[in-house]
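Heads up, the next two complexes both have chain A, just with different partners, chain B and then chain C.
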Partner chain A sequence: MSSLIGFLSLVFAIGINLYLLISKYLFKIKNKRFKLFVRLSSLLTLLSFFSLMCAYVVSDFSNYNVFQNSHSNKPMIYKISGTWGNHEGSMLLWLSILSIYSFFFSFIKNIEDNFQRLTLNIQAFLHILFGLFIVLTSNPFLVNSLFVEEGLGLNPILQDPGLAVHPPILYAGYVGYSIVFSIAIAGLFHNKDDEWLYIAKRWSLISWTFLTGGIALGSYWAYYELGWGGWWFWDPVENISLMPWIAGLALVHSLMMVRGEQALKRWIIFLSILCFSLSVFGTFLVRSGILTSVHSFAADASRGLFILLIFFIVTGFGFLVFLLKEPKKSNPLNLLFINKVSALVINNILMVIATLTILLGTIYPIIIEVLNNKRISVGGPYFNSTVIPIMIPGFLLMSIAPVLSWQTNKIKDSKKYALGFIILSVAVLIQSYFLDFNTWGFVGLLLGFWIITASTIAILSSYKIKFSIKFFQIINPHIAHIGVGLAIIGITCSSVFKNELDFNLNEGDEFNVIGKKVLFEKIETTNEINFQALRGKFLFDIEKNRLNQIEAGKNYYPVSKMITSEAGILHQWNRDIYFILGDQKDNEWFVKVLINPFVSFIWLGVLIMVVSGLIGVTRR
Partner chain B sequence: MNRIIILTPLIILLIICIFSLAYLVSGKDPHKPPSALLNKDVPSFESSSLYDSKEIINTIDIKNKKTLINFFASWCSPCKIEHPLFFEIRKKHPELYLLGFNHKDPSSDAKKYLEDDGNPYDFVGVDADGLIALEFGVFGLPETYLINEDGKIIFKFMGPITKDVLKNEIEPLL
Partner chain C sequence: MSLRLQRLLLILLTLVIIFSAVLLILYNTRENVSFFYTPSEINKSDMASDKIIRIGGFVENNSFNKISSSLFKFRITDDKTSILVTYNGILPDLFREGQGAVIEGFFEDNNIFKATEVFAKHDENYVPAAIKEDLKDTGYWNKKYK
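Let's turn to the complex of A and B:
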C-alpha cells in the first residue's frame, strides 16, 4: 500500500512540475498559486520518499527494493538508512532534497517575483528530468513478483551510524548546487540588477557547508570502518565529491567579494554552472557503474545513458545560456599587484586548475579504455603530486587575503606578518630537523601554522575583542581559515609522520608500542542481533594505572555472508593509535598497529569550517 | 578570443560526453574488464580435487579439449544464481570440460554447497589460498573463463553468467 502511495505521489509531483513549467506560456497562473503548486509538489515528493521509508521500517518485502536491500533482523536505524542505501532509494532522496530546496526558496521574500518564478521554473525543469529518470529506470516502488518472508539484507559495510547520515548530508550539498545553478541562470535571463548575487551567496554557502560535512563524514567512516588506517584514498568517488567542493569554495569566495564587477559576475555564473554540472557528472559516474566502488550499487547501461543525457542537457543548457547572454555591463575589475581582488582571482584560477586536474585524473581511465581497450587506474601518486602543489600557493595566499586592501597594494601591519612568518619558519625548520627532515612535512607544517598565525594576528590587530555574536560573525572568515590551518597540520602529520608496526601474538602476550606496554588480553566472540563479532581485547599502557581498553576485530554477517573489519582506535589529542586484528595462523594472531599523529586536528579543522559556514549563512 | 574562452566549457563538455557515451554503448562493462590474459595461454596451475586430495589436475590435463573454468565459493551468493546454468551447459554441450575452482572455502562448506545445489563440474579443484585465482587475475567471484583446444583463453566474464551471456557470447565460441 505504502509503495502505491509513494509511486502515485512521485508521478503526481512530476506532473505538477510539468504544469509549472508550461504554466507561464499556457495557463498564466498567478504568482501566489504558482508558489502553492511548488510547495505541493515538494510535499508530494517527500510523501513519496517517506512511503518508501515506511516500507523499509515495516519490512514490507512485497516491495522489490525493500526485498533486495533489507532484512527483518536489522536494527531500526539501518532499516531507515536502508532507504537510501541502494541506487533507487538514493535517487529518490536526491529528488526529495531538490524539492526541499525549491520549497524553502519559494518562501523567500524581498525578491523580484519574476526572478523567483524563473528560478523555480528551472528547478521544476530539473525535477522533471530527475523524476523521469527515477520512474523510467530506477523505480523504487516495483512490486516483488515472488512471495517472500525475508529480505536479502543491506551491504554490511553500510551498516554504520556514520554512514547512515553521510548520504543525506552529502546530497544536501550536491543538490544544493541545483538552486545556485537555477539562480545563476535566472540571473542571466533576468538581467536587471545584481540582487541575485546576494541571494546566491547564502545558498551556495549552505550547499558548501553541507558538502564539507558530508565529505568529512564519509572520510571519517572510511577511517574507522574500512580498517586501512587512512582517511583519504583518492578513490574516484572521493574525487567526484572533491571537485564540486573545490569549485564551490571558489564560488563562495567570489560571491563574498563581488561588488558588481562585470568580470567577476561572469565568473560566478560560470562557477555556479560548473558546481552543479560536476555534481550531476559525479552522479552519472557513480550510478552508471563506470566506476566500481562501495558506492556503485548496480551497473545498468540504460541508467548510465539516461543520466549522461541529463548531464548533457543541464550542462549544455547552462553553458549555452552563459555563452549567449551577458550580464549587465557594470564596474570593471580593480586588479592591482596584490589587493583583495587580485588575491581572489589568483586563488580562483588555482582552484579551477585543481578541479580540472582531478577531473582529468578521474576520467582519464575512461578515455584510455575507449581508445586503447586497456584498463588503467589513476591513483594517489598522480593526485598527490599534481593537486597538492597546485593548492599550496592558494593556501599561502589565503592566510593574508582577508587583511588585504581593496584599493591599494599596501598590507596593514605588514611588518608584524613578516616577523611572524620568519619566526615561524625558523621554529618549524628546527623542529623538523630534530624529527627527520621531510620536505612535505616541513612545507605542510609551515603552511598550517602560518595560516593560523596570520589569521590570529589579523583578528588581534584589526578588531577589538568582544564576546558577542556580532563579533564572531565579523571575524568568521578568519575562524574558517584557522580551521583550514588546523586541518592542514592534521593532514600533514598523519600522512608524513605516521608509523606502522606488525606483530604476531598469542593471547596474553605483552608488546611495546611507542614505548608503552600493551597487553593482548584475549579473543572473544559474541553473537549480536544481525552479526557475529570476533574481538581482540588489548590493554594499552599497562604500567600506568590509566588503563585504556582497545577492541579490534571483525564482524561476520550471516545474511549476506560478508566479513567487515572493525578497527580499534585509541583517540588521544595528539595521535590515534589504530589497532587492526588480522588472521590467525599457528595459534598466533597477526596484529597491525598504526600510529597516526594529530588526526584529531583534521576533524577539528573541518568542524570549525562547518560551524563557520553555518555562522556565515546567518550573516547578512 | 573571448568567445573561444567562453566556448571551452562547451567543448570540454562535448568531449566528456562523447567518451562517456562511447564507453557506455561499446558494451564495456566494469564486470567485464579487458583482460590482459585474453588470447594468451592459460596460466599454469596445479590443483587437487575437492573430494580426493591425491587426484591432481594441471594445465597439461586440459590440453586438447575445450574447457570452461569457473571460480566459485559457497559464501558467494551470485555464484548460487549462475549455478543452475552450468547444468544446462553440461546438458547441451557434453563435450565441454567443466572445471570448477573452489575459491578460499573450507572444504566441508564447499562439499555441502555442491551437495545441496548439485555438482555440474567434471572436476572441482581446490584453490584454498586463492593462488590460482591470482594467476588468472580474478577480480571477484564468480568469474568464468573459456579455454580453447590450444590452451588459449578466448573468453572471460566477471560476475554471474546469465542466459543471455551463455547464448550470445559463450555458445558462439563452442
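Let's turn to the complex of A and C:
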C-alpha cells in the first residue's frame, strides 16, 4: 500500500514540475500559485520518500527493494537507514533533498520575483531529469513477484550508526550545488544587479558545510569500521566527493571576495556550474559501475547511460549559457602584486588544478583501458605526490590572505608575521631533529602551525576581543583557517609518524606498546540481536592504575553470512591506539597495533570548519 | 598596472602552474601506476621484475593454507592459470575460497607472488570487472555474480 502511495506521489511530483516548466512559456500563472505548486511538489516527493521508509520500517517484503535490502530482525535504526542503503532508495533521497532545497528557496523574501521563478524553473527541470531517471531505471517501488516472509538483509558493513547519517548529509552537500547551479544560470539570464551573488553565497556555503560534514563522517566511518587503520584511501568514490568539495571551496572564497568585478562574476558562474557538474559526474561514475569501489551498489549499464545523459544535458546546458551570455560591463580585477584579490585568484587557480588532477587520476584507468586495453590502477601514492605539492603554495597563501589589504601592496604588521614565521621554523626544525626527520613531516607541521599562528596574530592584532556573536562572525574566516591548520597537523602526523606493530599472542600474554604494558586478557564470544560477536579484550597500561579496556574483534552476521572487523580504538588527545584482531592458529592470535598520532586533530579541525561554515551562513 | 599587462600576468601564472602540474602528473603516473592482470595474462617478464602489480581472480578452492596466525598461502586463479601467493598480515573479512579477490604485490623467487595487500570487495557476489568478461567467454559465468 505504502509503495503505491510512494510511486504515485513521485510521479505526480514530476508532473507538477513539468507543469511549472511549461508554464514559463505557454501560459501565465500567478506568482503565489507558482510557489504553491513548487512547495506541493516538494511535499509530494518527501511523501514518496517517507512511504519507502515506511515500507522499510514495517518490513513490507511485497516491495522488491525492501525484500532485497532489509530483514525483519534488524535494529530499527538500520531499517530506517536501509532506505538509502541501496541504489534506488539513495536516488530517491537525492531527489527528495533537491526538492527540499527548492522548498526552502521558494520562501526567500527580498528577492526579485522573476529571478526567483527562473531559479525554481531550473530546479524543476533538474527535478524532472532525476525523477525520470528514478521512474525509468531505478524504481524503488517495484512489487515483489514472489510471496516471501523474510528479506535478504542489509550489507552488514553498512550497519553502523555513522553510516546511517553519512549519506543524507553528503547528499545534502552534493545536491545543494543544484540550487547554486540554478541561481548562477538564472543570474546569467537576469543580468540586472548583483543581488544574486549574495543569495548564491549563502546557499553555496550551506552545501559546502554539508559536504564537509558528510565527507568527514564517511572518513571517520572508514577509520573505525573498515579496520585498516587509515581514514583516507583515495578510493574513486572518495575522490569524487573531494572534487566538488575543492571546487566548492574555491566558489565560497570567490563569493566572499566579489565586489562587482565582472571577471570574478564570470568565474563564480563557471565554478557553480563546475560544482554541480562534478556532483552529477560523481553520481554517474559510482552508479554506472565503471569504477569498482567500496561504494558501488549493483551496477547496471542502462543506469550509467541515463546518468551520463543527464550529465551531458546539465553540463552542456550550463556551459552553453555561460558562453553565450555576454557580460554587460567590465569592471576589471585589481591585480596588484600582493593583495586580497590576487591571492584569491592564485588560490582559485590552484584549487581548480588540484581538482582536475584528482579527476585525471580517477578516470585515467578508464581512459587507458579504452585506448590500450590494459588495466591499471592509480593508487594513493599518485594522489599524494601530485595533489599535495599543488596545494602547498595555496596553504601558504591562505595563512596571510585574510590580512592582506583590498587595494594596496601593504601588509599590516608584516614584521610580526615575519618574526612569527622565523621562530616557528626554528622550533619545528629543532623538534624534527628529536623525532625522525622527514621532509613531508617537516613541511606539513610547519604549514599547519604557521596557519594557526598567522590566524591568531591576525585576530589579536586587528580586532578587539569581545565575546559576542558579531565578533565571531567577523573573525570567522580566521577561525575556519585555524581549523584547516589543525587538520593539516593531524593529517601530517597520522600519516607520516604512524607506527605499526605486529604481535602473535596467546590469551594472558603481556606485551609492550609505546613503552606501556598491555595485557591480552581473553577472547570472548557473545550473541547479539542480529550478529555473533567475537572480541579480544585488552587492558592497556596495566602498570599504572589507569586501566583502559580495549575490545577488538569480529562480528558474524548469519543472515548475509558475512564477517566484519571491529577495531578497538583507545582515543587519547595526542594519539589513537588502534587494535586489530587478526587470525588464529591453534591458541595463538595475530594482533596488529597501530599508533596514529594526533588523529583527533583532524576531526577537531573539520568540526571547526563546519562550525565556521554555519557561522558564515548566519552572516549577511 | 594596465589591464592588458594584468591579463598577461594572470595567463602566464596559470600556464606556469598548469605546466608544473602536468610535469608532476606525468612523473607520478610513471612511478605510481600499477598494472592489473588476470593470472593467465602474466608473462615471464613480469615474473622476472620486482615491479608492483595487481592480480585479480578467485581464491582457488582447497588452496588456502594457514602457516601461522599471520602467514598465509593460497592460489589465485582464473580457471586457466593459477598463481601461488604468500601474504603476511590480516586478510580482509570477505576473503574466502572461491570468492573474488585482488592482490597487490610482486614476484619473489620461484615464481611465488608476495602480496603486500589483499583486497576483497565488500560484496559477497563481487567479481573483479577484469575477469568478468573472461569468465563469460569460457562459460564459467555464474548468474549470481553481479
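One rule holds for everything that comes next: the second predicted complex is superposed on the first by the 618 of 620 C-alpha atoms of A that agree within 3 Å, B and C clash if a C-alpha of one lies under 4 Å from a C-alpha of the other, contacts with A are read in each partner's own complex, and residues count from 1 in each chain.
By our rule, a residue touches a chain if its C-beta (ideal position, glycine included) is under 8 Å from a C-beta of that chain, and two chains touch if they have at least 3 such contacts.
Quantities reported herein were computed from a predicted structural model and do not represent experimental measurements.
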{"item": "Room on chain A for both chain B and chain C (clash or fit)", "value": "clash"}
{"item": "Which of chain B and chain C A:L274 touches, first, second, both or neither", "value": "first"}
{"item": "Touching partner for A:F107 - first (chain B), second (chain C), both, neither", "value": "neither"}
{"item": "Touching partner for A:Y463 - first (chain B), second (chain C), both, neither", "value": "neither"}
{"item": "Broader residue contact with chain A after superposition on the shared chain, chain B or chain C", "value": "C"}
{"item": "First, second, both or neither for A:K554, with chain B first and chain C second", "value": "second"}
{"item": "Contacts of A:Y433 with chain B and chain C, given as first, second, both or neither", "value": "neither"}
{"item": "Which superposed partner A:F312 touches (first chain B, second chain C, both, neither)", "value": "first"}
{"item": "Partner chain in contact with A:Y198 - chain B first, chain C second, else both or neither", "value": "neither"}
{"item": "Set intersection of chain A contacts, chain C complex versus chain B complex", "value": "289, 292, 299, 374-375, 560-561"}
{"item": "Parts of chain B lying in touch with chain A, wherever the complex brings them together", "value": "3, 6-7, 9-10, 13, 16-17, 19-31, 33-34, 75-77"}
{"item": "Complex interface listing, chain A residues touching chain C", "value": "155, 157, 227, 289, 292, 294, 298-299, 332-333, 335-336, 345-346, 349-350, 353, 356-357, 360-361, 364, 374-379, 381-382, 385-386, 389-390, 502, 504, 554, 560-565, 580, 582-585, 588-590, 592"}
{"item": "Chain C to chain A touching residues, read off their complex", "value": "1, 3, 6, 9-10, 13-14, 17-18, 20-21, 24-25, 28-29, 31-37, 54, 66-70, 72, 89-91, 93-94, 121-124, 126, 128-130, 146"}
{"item": "Residue ranges of chain A touching chain B (in the complex, touch as defined)", "value": "270, 273-274, 277, 281, 284, 288-292, 296, 299, 301, 304-305, 308, 311-312, 315-316, 319-320, 322-323, 363, 366-367, 369-370, 373-375, 560-561"}
